[in-house]
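In the two complexes that follow, subunit A is the common piece, with subunit B as its partner first and subunit C second.
Our next item is the complex of A and B:
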């Protein structure tokens, strides 16, 4: 970085000129058509099933377009890693050694589980992304909460997650909900909300990139609406699978 | 079955012991099925549960806090005084007993798929002793109440928890041996293990194998006898039966 003579003491903040985006807009006057023909505010159809893994206490499989995820739950069981005594239970998330997804999954789920119903023990959540077709983390979170409900862990509510990307330079000034990997690559900013649909509470909000305030408001409303619809789909899936298992 | 040398700790195979029918009968007398006791049923009959047909999922509204109480599988949210479900299962309403001041019925959710039981403080568990040391014995908790756990939990029986009297004069080797099945009451303990206590008449060793390999018969509070050889061994024996 060139140091200006007589200027303020050396810092490592980027100078304003280097900060401007040099990426040329890819589609300026052409309207972006989503690869699967969806509307910009339309989510992919969700296929959800519970009870996929027999060995686990609970499990779920989710398929949102090309994103296929399987989550299995073990617990509450004893954990050898527990060095400190704790009055409440512990949650341990592992997404095939992907630290980022694991820690975000942990943050979004710990607000929804009643940890004091299983003191001193641990619930292990193992998430496996079988195919990544965009919007992985929200699908993993929704699938994990379905698996937890299947395992009989006491929760305050199901957790539904949706993400939205905003693209102002590439795909026209649009908010694209439930993006596929291609759209995620063109994004200017991303917003993900995980919420408890029937209690209308948010457990995690992640915003990255460039956003203007009105766009954030719009995106949040879009997401919350989509989350409540996803919540209904998850509930009907749970009821269907438990009524078939009862017969 | 090979005769075991005295005092040699041996590692147990991690398989569940197959119970002979005689052993099952012994366990059934220890844990009588609740239906067979007429006295305890009287209270249950007054609060008959009405299970409904529809399934509920976590987060569904079960009723208002002013009308129902939250039982097992449900919780009440303080900010809007509503009772929500916390499990997937069938809703069932338990009418309140006539003499209680609070006449609201209790709403519960019966989970369709219960995970293995979790040890709770105060419950009676069945554990198998794995190691006996000078001041404590390690045991693997196999059953909580009358239900078997999916994966074993670790427990410790400390010297001061073996019996109620003369607790500093307890010799662990004359109270337990590796492989004994003990009935104990549980407390949460520390980070590494649950604390088990056998400091009551009904708690202690319920089944043990002698050095010759036969299942021993209890003959007193502190002794068990092998039916094959007649040898008497010392244990902290549990009082079995009514």
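Our next item is the complex of A and C:
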């Protein structure tokens, strides 16, 4: 608080020392070693399970390193909010009242779900981040699409999401894929892609911060490649769960 | 196993594994080639003569799945059947549902479906049994017939234009269900049969297997003849609360004996065990499980334990094994 004693507090101006991020000085020529020993272009191993929640129509649990997320799907069911008749269904996303994650989740999923297969009803998606270890939103999106497939909602394809951060001052001018929270704090810019791997279509692309054009191209290619690999892992998880319940 | 919340010790796990493996080998004709996940291409022989059914869509001339499940082919129709299918209603299905709202001239029921079902006042027998037009007084007395949270048995009459169901309860065997338990299981475990109402004489219990996955287990009620003069329903609120202010003699008459209540719980637990293990629910299997629990001398609450589930799985595997051997 920069209010001086006796001065009238008409406007608030933050003091110059408070808005600089609390970074320890890191020199650009020092090589950053990732805390879990990964390569800069290596993603965390993914642990995916469907059927975590019994009460829900479909559910999934995802663990990417320290980021643990559980998503449950309810529906299609009637909703008190939808008063008007609509010939397409509604998708309602809630990520424990975090409006930003909820709205981004909604944008990335609505491109993949066939909404006209459940008219007049609503599909509710509830995401719960049990532990946040960086790269939360992409994990939530991937987990949500797995849960939707588990619930039997018709979709064009599974949604895989990966994010990349670019750093120019701290981590040695590298593109770091699947960042942990520490790396996310040091970022100069972030890029997240959610795509449909088999169809090669993108449902959402979010770019924030400072980027140069060649870096964007490189980051996008990196992400799309990682998404297709994540897509394969998600399909093998679904096949495994469906083979155990085929009795 | 989905829904299995109990911890099994090592030997129990092995036994369960063995029983499930035996069941899998006996299950007919499911090969892993035909299981698909979302956006898998479905192999079709003739591109021009194929009908794309439920769960498929077309992408660049290829048939692609939109849900995870098993491919079924019937002549030229190709569709994907989901493994844990949602309830698919058909006209004539017996339904057990719970009233969630009393609306003008209708009741809204919750059944295990994407939308609520509607039971019109005109599709319901009046308490005095006379066939007549429903007047405004009847509409005001709807709560004396069914109230919120009542469990009702009805039949599907037809579908409304937006896909929701219309029910009818015009026979004596339909109507409000009292003095029992309602269970919720997955709808695909109940296959459509000729009989959904079962009267178990030896236990004195009525069992209704609703096609929507709701099962009612309750004390046996003789279907009353509505022609007998009953106390006329007075439209004042005091009479609606008559359940709570019954005289002592009336309470004695409606008292359910302890043995019947224990039988209700035993049968309900048998259904719960079968649904956790994912076996189809039919009246024979339920009675088999109940006999097994009585012969082993298990208490009712022990039926939900790990040991009994393993026993039921082994018994079912044995039963199917012997029936397939008999067929050969």
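The definition used in the following text is that the second predicted complex is superposed on the first by the 220 of 247 C-alpha atoms of A that agree within 3 Å, B and C clash if a C-alpha of one lies under 4 Å from a C-alpha of the other, contacts with A are read in each partner's own complex, and residues count from 1 in each chain.
The working rule: contacts are C-beta pairs under 8 Å (C-beta built on N, C-alpha and C of every residue); 3 or more make two chains touch, one makes a residue touch a chain.
All values reported here derive from a predicted model rather than from experimental measurement.
Overlaying the two complexes via subunit A brings subunit B and subunit C into a clash.
Once the two complexes are overlaid on the shared chain, A:84 sits against subunit B while remaining clear of subunit C. Within the superposed three-chain model, A:54 lies in touch with subunit C and out of touch with subunit B [touch as defined at top].
Touch criterion met: A:158 reaches subunit B and subunit C at once. In the superposed model, A:238 lies in contact with both subunit B and subunit C. Looking at the shared chain after the overlay, A:119 reaches both subunit B and subunit C.
By the touch criterion defined above, A:33 reaches neither subunit B nor subunit C.
Taking chain A as the common frame, subunit C overlaps subunit B at a single listed stretch, which among 131-139, 275-283 or 311-319 is 131-139. Put simply, subunit A uses residues 57, 75-78, 85, 114, 118-121, 149-150, 152-158, 196, 198-199, 235, 238-239, 242-243, 245-246 to touch subunit B in one complex and subunit C in the other. Residues of subunit B touching subunit A in their complex: 54-55, 57-61, 73, 75, 77, 84, 86-89, 111-116, 118, 150-154, 188-191, 194. Taken together, the subunit A residues at the contact with subunit B in this complex read 57-58, 75-78, 82-86, 114, 117-121, 149-158, 196-199, 231, 234-235, 238-239, 242-243, 245-246.
Chain contact summary for the complex, subunit A toward subunit C: residues 51, 54, 57, 75-78, 85, 114, 118-121, 149-150, 152-158, 196, 198-199, 235, 238-239, 242-247.
Per the touch definition, subunit C reaches subunit A in the complex via residues 1-3, 5, 20, 23-24, 27, 30, 32, 35, 37-40, 55, 57, 59, 66-70, 82-86, 114-116, 162-163, 278.
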